[in-house]
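Below is one structure. I have some questions about it.
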Amino acid sequence: MEVTLLIEATENAFRILEEARSHAAGIMDTTIELMAEEHRIIEEKKVRAIFTGARRRRARFQNFAGTACILFVFWVLLSGHFDLFHLTLGGLCAAFVAYFFHDLLFVNVRVGDIRTVVWRFIRYIPWLLGQILIANMHVAALVLRPKMPIRPRIITFKTKLETDISRVTLANSITLTPGTVTIDIREGEFYVHALSHLVAEELYGGEMEDRVAHIFMEGDHLYVQDVLDASRIYETLGV
Amino acid sequence: MNTFFLLIGIGMCVLVLGCLFRVTYGPTILNRAAGISAVGTKTLVILMIIGVLHGRIEMFVDISMVYALLNFVGCIVLAKYLERAGDI
Amino acid sequence: MIQKSDDVIVRTVARSLMPFILIYGLYVVMHGHYSPGGGFQGGVILAAGFVLLTVTQGIERTRQHMSQKTACVISSVGLLIYAGIGALCLILGGRYLDYGRLSQLLQVDQPTARSLGILGVEIGVALGVMAVMCIIFFSIFAADETE
Amino acid sequence: MIVKELISAVFLSAGFFFFFTATLGLLRLPDFYSRLHATGKGDTLAVLFSMVGLAVYEGLSITSIKILLIAVFMFLAQPTATHAISRAAFRCHIQPFTR
């Protein structure tokens, strides 16, 4: 009786020991796995840091090169001397300025889009010139009349444009078009001084905002022209 | 043609006098700032016309550009200063 | 203390005009012997560029390129260039700022040496004027700060 | 040559006319914001016209390109300066004239 009890107790003890061993082995395995994973993550982070650093350096170099090229063209236009000495001087000056101020001219520019943006901006200018001409006729007619029929007011409207450059384009266009001057932009809200309620309603219609959104490819507007431009770009890339 | 340029220049000077009225009698300093900006713009064109009359336009174009630039910078700095000053 | 301007229009336009203003100032300095301008005018234009940068982007941004100490050093260097070229002519046996004497040193003929000498003096004057204008501006508008 | 001078004269006259209306607006309009309408729009277009006229008179050279650069600069700078002054007025709580 006692012997059987002893044998059972021993077997129990061995089983418990076995369980404990397997448990410990499992814990050890998971620990090793965790450590390996941690190591892998650290390695990955290191590699990614190298890559992003390289990318940032590359972006900085692209900014520098673009700024230097534009400034050099500007210098040549200003200088008017085309001998080697002056061109070298211009190259040095452009590189000097671009080295210190490479972050001023280009911010958040997606390189692939810039051709489309520039092309659309050039096509926007004639319309803007026409609007300025109308605006000046408007001011002239207003001023030359003996009794000036104006009813000034400040109106506000919320814009859907997001980036700085598109907001600046819209604000300056508003200032240059008939009867309106941009006074303030606060958190995406334009404060506009309008000479009469007619021009104010024209502004609420939002034609100009649509045009500017079309230039910088913002907002929820998808145009046929967008699709055509995209297909043209992909064709030139050979995709 | 030179007579025509001279006439335009004299007319511009008269317009500058008109702007100077606003600079002198403007009710607040902001009106004066707007008048000064307008005078600067007209001076730009007057300088170019002087250049044409003297036959040295390539010289006066640089001066005119500097004038436009300093006008812009002055305007921005003045606006910033007035904004900081609070109520007028 | 000059804060960064919270006006997006002025900030963006000034940011994109700033490199062109600087390159224009450098053009005025370098072409002093063909067109109006020279050291003083070019220096003032360069200083106007820095004033524009300070007013729109805040003084912290400007301080990365042009702090009070840097401005002092640059003005001294400008004066040193000016006086050094003058004294070099004196050493080479001419009068003070007698550029023709530089032709022995630079191995070029007289007119080229004169033109190069004037260019060097103008660069010195421009550096001095720019730095001193920046110092004046900083002292007036950021007087409540100690550095 | 006479055609060139004629075109130049037409542009300069247009520029002068818009300068004139801008100055008249600056003098006649009732309040500050309305006066900015006159100077901000009028001076931009007037400088553009005058510079185009002078560039046509000068002919195709580096100088005329520089003249057009001045026009482009004013095109960018004048609305910004107008906006800066009007914003300063708005921040100083100057109320617009209402009828």
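For clarity, chains are labelled A, B, C and D in written order, and residue numbers in each chain start from 1.
As a convention for this text, a residue touches a chain if its C-beta (ideal position, glycine included) is under 8 Å from a C-beta of that chain, and two chains touch if they have at least 3 such contacts.
The model shown is predicted, which means the values in this text are computed figures rather than measured ones.
J.: Going by the touch criterion at the top, tell me which pair is linked by more C-beta contacts: B-D or C-D.
T.: B-D
J.: CA centre of chain B versus CA centre of chain D: separation in Å?
T.: Taking the average C-alpha coordinate of chain B and of chain D, the gap between them is 11 Å.
J.: Distance-wise, how many Å sit between the C-alpha centres of chain C and chain D, to the nearest whole number?
T.: Chain centres of chain C and chain D, defined by C-alpha means, are spaced 32 Å apart.
J.: I'd like to verify one number: the distance from the centre of chain A to the centre of chain C, where each centre is the average of its C-alpha atoms, in whole angstrom.
T.: So the centre of chain A lies 34 Å away from the centre of chain C.
J.: Note the residues in chain A that touch 2 or more other chains, in rising order.
T.: Correct list: 78, 171-172, 182, 184.
J.: Quick check: what residues of chain C touch more than one other chain, meaning two or more?
T.: Within chain C, residues 7, 9-10, 13, 17, 24 contact more than one other chain.
J.: In chain D, which residues are in touch with two or more of the other chains?
T.: Correct list: 22, 24, 36, 62, 66, 69, 73, 76-77, 80, 82-84, 87, 89, 91.
J.: Assign the assembly's chain-to-chain touch graph to one of these shapes: line, ring, star, complete, other.
T.: other
J.: Can you name every pair of chains that touch?
T.: All touching pairs, sorted by chain label, are A-C, A-D, B-C, B-D, C-D.
J.: Within their complex, state which residues of chain D touch chain A.
T.: 17-18, 21-22, 24-25, 28-31, 33-34, 36-38, 40-42, 44-45, 62, 65-66, 69, 76, 79-80, 82-83, 86-87, 89-91, 96-99
J.: For a test of understanding, state which residues of chain A touch chain C in their complex under the given definition.
T.: Counting only chain A, the residues touching chain C are 67, 71, 74-75, 78-79, 81, 86, 89, 93-94, 96-98, 100-101, 104-105, 107, 164-165, 167-168, 171-172, 182, 184-185.
J.: Report the residues of chain A in contact with chain D in the complex, numbered from low to high.
T.: Residues 77-78, 80, 132-133, 135-136, 139-140, 142-144, 148, 150-154, 171-172, 175-176, 179, 181-184, 191, 193, 195.
J.: Which residues of chain C touch chain A in the complex?
T.: Touch residues, chain C against chain A: 7-9, 11-13, 15-16, 18-20, 22-24, 26-27, 30-31, 34, 65.
J.: Can you check the complex and tell me which residues of chain C touch chain B?
T.: Counting only chain C, the residues touching chain B are 5, 10, 14, 17, 21, 24, 28, 35-37, 41, 45, 48, 51-52, 55-56.
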